[in-house]
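The same subunit A turns up in both complexes below, where it pairs with subunit B and then with subunit C.
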Partner chain A sequence: MTFYLIAIATSAGFYLLLALALNLQWGLTGLVNFGVAGLYALGAYASALATERLGLPFLLALPMAALVGALAALMLAALSARLSGDYLAIVTLGFAELIRLIAMNEDWLTRGPRGLAIATRPLPEGLTREAAAIGYLLLVLAVVAIAFWALERIRRAPMGRVLRAIREDALVPATLGRDVQAFRLRAFAIGGALMGVAGSLYAHWVLSITPDHFQTPVTIITWMAVVIGGAGNNRGLVLGAFLVVGIVEGTRFLGGVLPGLDAERLSALRIVLIGVLLILAIRFRPQGLIAEQPLRHTPPGAQP
Partner chain B sequence: MIQLIFDTLATAALVAPAAVGFTLIFALLGFANFAVGAVMAAGAFAAWTANALLGWPISAATAAAMLATAALVLVCDRAVFRPLREAPGWALLVSSVALSFVIENLLRLIFRADVRGYDVPLSRPLIWLDARIAPDAAWSILAAVVTLAVVLAGLRLLPWGRALRAAADDASLAALRGIPIGRLRVFANLLAGALAGLSGTLAGFSLAIEPGLGWSLTVSVIAAAILGGIGSAPGAVLGAVLIAFVEEVAVKFTTPAYRPGIGFIALALVLLLRPQGLLGKPLAAGRDQ
Partner chain C sequence: MTHLIFPRRTALTTGTALIATPHIVRAQANDPIRIGSLTPNTGGGAQSGPEIAEAHRRVVELVNSQGGILGRRILLTQENDETNPEAGVRAARKLIDADRVMALLGLWASSVTLGVLPLVEAANVLLFSTSSSDDIPAANKRGLLFNFQPLNAAWAVAIARLAVRRNYREIALAGPNNDFATTLVASFRRSFEEAGGRVVNEPFFYNTTQPSFRAEVDRLLRGNPPAVFIPGYVADFTAVYRDIYRAGYRGRVFTISFAVGPQFKTAVGAAADGIMHGFPVPPVGSPAYDAFLRFMGRTPNGEVQLPFGSAGYDQINLLLLAIAAANSTDVDAVKAMIPRVANGPGERVTTVAEGLAALRAGKTLNYDGASSSVEFKPDGSLLARDFELYEIRDGRDVSVERITSAS
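Take a look at the complex of A and B:
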């Protein structure tokens, strides 16, 4: 049971990283990203291939995953930079499908559905099973804390104010001489890098990745964490991510209540419930549990 | 050459109806409905139920599937999208992706993920000018061409069609001129639903009937609508033919498994080179998030 709770907390940490990244892209800047699962997969495979095929240490593979995620996100945003949000939505969705197809079919590279085994572990050898589990949770939480701190800095910095202005009405910051496209690309790339980092941490935790790990439910759960937590608000996301992962895990126990369902039907029912919950959340509480706080007009020390 | 043209038309037949429905909903309601693929899958299962379980001939099963998905899309609009008409654009987009997963997994819950096919007599492909023409592919092309001809002509000539195009251009102006926008919304949803159902039914001939059937076609359908110029029904048909052609040519150089990926790459090229699509207006007035 303890292991189970630690595992849930760790996977909530991955989703929290994804949600923080999506919050920068969408919550703050207003850029719709339906390719969360694709960037997550890209980070995971990049990191796994770096350690297993190239023999790099984890400490080099992690930044490589971030770089790959950033470049892919940059490319996606550049493709649809001058178009309305619906185009970015379909481009990112198609991208995630393409990544999944490549992971599924390029057997020589990814070993396809049989799964890519990962032997490299970020933690030192020789830990007990319990210490390794807790150690990994602490590692993930440390990365979450760094990401949270950095994103809060961005949110409060002049850049964050420009991003919010872009979200509300891109014409205003453009009129004030801000390069709206450059800010959009930057926000999308930083988010992509963070999704790559999440993928890398995930890969070296599950130790065997298949394309099935990176299907659209990952994207849905991430969106749910941001919508329920409160778009634009990083603190709400912590609540949102843990709540959503709690709900997703909690629905596993439906099997005990509904014994007539086999595993396949049970997992379908769980996704139905999660989807319905997201639709209800958007309809009845689009601002999330903790709504975004308006910034003070004059940050301390900003003006002499 | 004849073979390539025929294969292109067979693929276009299952993309084009859904693309026309998608583009109509986008034009009238102003959002990209990502649930179009899931509705296609629902159509394939409805046709399978009528054909394989109830023993109806495939033409009656196709009609039944179109009715079923028209009703499904109308119910989804009432339950999910209409209450959000004052909401920002992202709410509709994200709801449509969530809805797509709800529909797909309801199908999985009811029918399980087993792979199915229609109960149609096996028949030898016709050979015509060196091209192998499978009878069910010929039936797909015929059904799609007849339906699309009726729909495109109706949009151009009938009062409902003109009202739909007027409202798609400018809903408030159309309302001022006495066009009942509410009833038009019902009509557009029924039409888009029936078209997606037709696409799904036809897809069930060449692809395995399983809940994920439509998801793999979603990108191709939306790419066709964008390529043709979003909001233009004839454009969506043209876009579907072009996407199908690119897919058929590209599959010869790679494995068929990459077919959905080819649709995406074609879409990416369109967005780079001609984002307003072939028959579309400039995107300056495009709705932003």
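Take a look at the complex of A and C:
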């Protein structure tokens, strides 16, 4: 059971990284990104190819995944520069599908549907299973902590204020002389880099990736974590990510409590539950479990 | 100020109670033998998964009603892998780490089997599958995996031989873009060329979700090859075949039997006539297979029924007998016992009850199954399995020939 809880916590960590990244793009800047799974896949494949094909160590593969994620996000944002709202959503969704299809069809690179086996592990060899599981969880949590800290800095910094202003009304920061497009690109690129990092950590954890690992449910769970946790608030996401992953996994145990539920019904029920939760959250708690707090800015020298 | 929709403590208590519940169930069970069944009940394998799961469940219910194994009850926990490696690996983690199973049975899609394999090796758990990817034997490093399905290479040899024997010397190849079809097409090409045939046009792989395959079919039929081989699944094959028929193709179409099941025949009607297809089949008409069908509540009718359920039945029977023969649930002891119970030498048994009786009489076993005679090679793949080749005539499958192919 301990291993299982560690595994759930580790996978919640991946979703938390994705949610933090999405929060920067959507929660803070208002850019709808349904391409989460695509950037996650790019990070995973970039890291796996770097270690398995190029023989690089994990410590070099991880930044490579971040770089690939950032570049792809930049490209995506640049291509869809003048789009917003629904139009941006569709382009990003298409992007994720494009990445999945490339991974599926370019066999020479990704081995396509046969999947890529990954032998390189970030942790030293020869650990017991327990030490390896806990070690990986700590590694993921450390990366989460760094990402959290960096994103909180951005949120509180002048850049965070501009991003929030863009979200509320892009005309206002533009009028004040801010280059709105440059800020949008930056938010997208930082988010993309973080999604790439999440993909890299995930790939070296599952040790075998196929295009099927990166389908739309990944994007949906990430969005759920942000919406339920509280868009714009990084602390809410921690709760959101663990809650959503907890529901996805915890519903398995309903079979032991409610008779007459087989595995088939349970997996359908899981999706129903998540849907109901999303509807309830949006109906009764549109700001999320932990709402975004307004930042009070006191100019230096001003009297409180 | 932070606002929570419900108190943190309530959330924690509820969550913990939910996760802790199986522990309570467990405490009452008097140390049962824990076995996991992980089948594709939804998604691409939805036609096969439920029958595997049902076979596992029925055998466990029967054995428990007869007093269990080693005086212990069998606790079978079933999960759905959704025919997706991501969901499958998560479910496998739950079975291995939360339910503490000693074996995972019923894995079907090669992608799920290959995805779960690293996990199984780390936790030292047995894995029984019906997955045909040619990558599996090499990935089975610790010998924990036993595969109840011949590999793609074997399917390819059988169908390639059939085609060449019927004087089809040129063939064009296509298939859905998945692990199964890509490795099968590669193996087919090799066998077909070895047998003196020639592959025309570059083989290509389509995406199964497309509504129409006109462009793909045009490419497939370029130069009007005398035959085509398309190892698809029923949904995509139906769509591809419709476009082949519309294109007025007069050559021979070869495929895999599960692509042309009743659903296909209803959809295309008389246009199905002339298609040739093949499949690893249970030994239809053998007493073990007929007994299996009756056990599952079916009537033996001389046709293939529950092709994957029969393999699921053999998986659970073999595992339980190996545990009984090893007199232990230690994974290494059972792992060593599986090939001895499957391959013999020993008394031929086809059910758990027969096997237990023979063990009590001090005999060794040779399990003979409903899906095949269940003999393993050292790499965990099946030694041989019957392969049946059919032609559709007047909307019915007519057996053309049956071969026992080495896997």
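Heads up, the rule we're going with is that the second predicted complex is superposed on the first by the 281 of 304 C-alpha atoms of A that agree within 3 Å, B and C clash if a C-alpha of one lies under 4 Å from a C-alpha of the other, contacts with A are read in each partner's own complex, and residues count from 1 in each chain.
To be clear about the criterion, contacts are C-beta pairs under 8 Å (C-beta built on N, C-alpha and C of every residue); 3 or more make two chains touch, one makes a residue touch a chain.
Fair warning: this is a prediction, and the values are worked out from it, not measured in the lab.
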(request) Return first, second, both or neither, reflecting whether A:4 touches subunit B, subunit C, both chains, or no partner chain. (result) second
(request) Could you tell me if A:289 is touching subunit B, subunit C, both of them or neither one (first, second, both, neither)? (result) second
(request) Name the contact category of A:181: first (subunit B only), second (subunit C only), both, or neither. (result) neither
(message) Looking at A:268 after the superposition, I want to know if it touches subunit B, subunit C, both of them or none. Which is it: first, second, both, neither?
(response) both
(request) For A:114, decide between first (touching subunit B), second (touching subunit C), both and neither. (result) second
(message) According to the stated criteria, A:206 is in contact with first (subunit B), second (subunit C), both, or neither; which is it?
(response) second
(request) Could you list which residues of subunit A make contact with subunit B in one structure and with subunit C in the other? (result) 101, 104-105, 217, 264, 268
(request) Please name which positions on subunit B make contact with subunit A in the complex. (result) 26, 31-32, 34, 80, 83-84, 87-91, 93-95, 97-99, 101-102, 105-106, 108-109, 112-113, 211, 215-216, 218-219, 222-223, 226, 255, 257-258, 260-261, 263-265, 267-268, 271-272, 275, 283, 286-289
(message) Going by the contact rule set out above, which residues of subunit C touch subunit A in the complex?
(response) 1-5, 11, 15, 18-19, 21-23, 25, 39, 41-42, 50, 53, 78-80, 82, 84-87, 89-91, 93-94, 96-98, 100, 110-111, 114-115, 117-118, 122-123, 133, 135, 139, 177-179, 182-183, 205, 207
(request) Please name which positions on subunit A make contact with subunit C in the complex. (result) 1-5, 7, 11, 101, 104-105, 107, 112-115, 117, 129, 132, 206-208, 210, 212-213, 215, 217-218, 235, 243, 246, 249-250, 252-254, 256-257, 262-264, 266-268, 284-285, 289-291, 293
(message) Help me check something: in the complex, which residues belonging to subunit A touch subunit B?
(response) 26, 30-32, 34, 79-80, 82-87, 89-91, 93-95, 97-98, 101-102, 104-105, 167, 170, 216-217, 219-220, 223, 227, 264-265, 268-269, 271-272, 274-276, 278-279, 282-283, 286
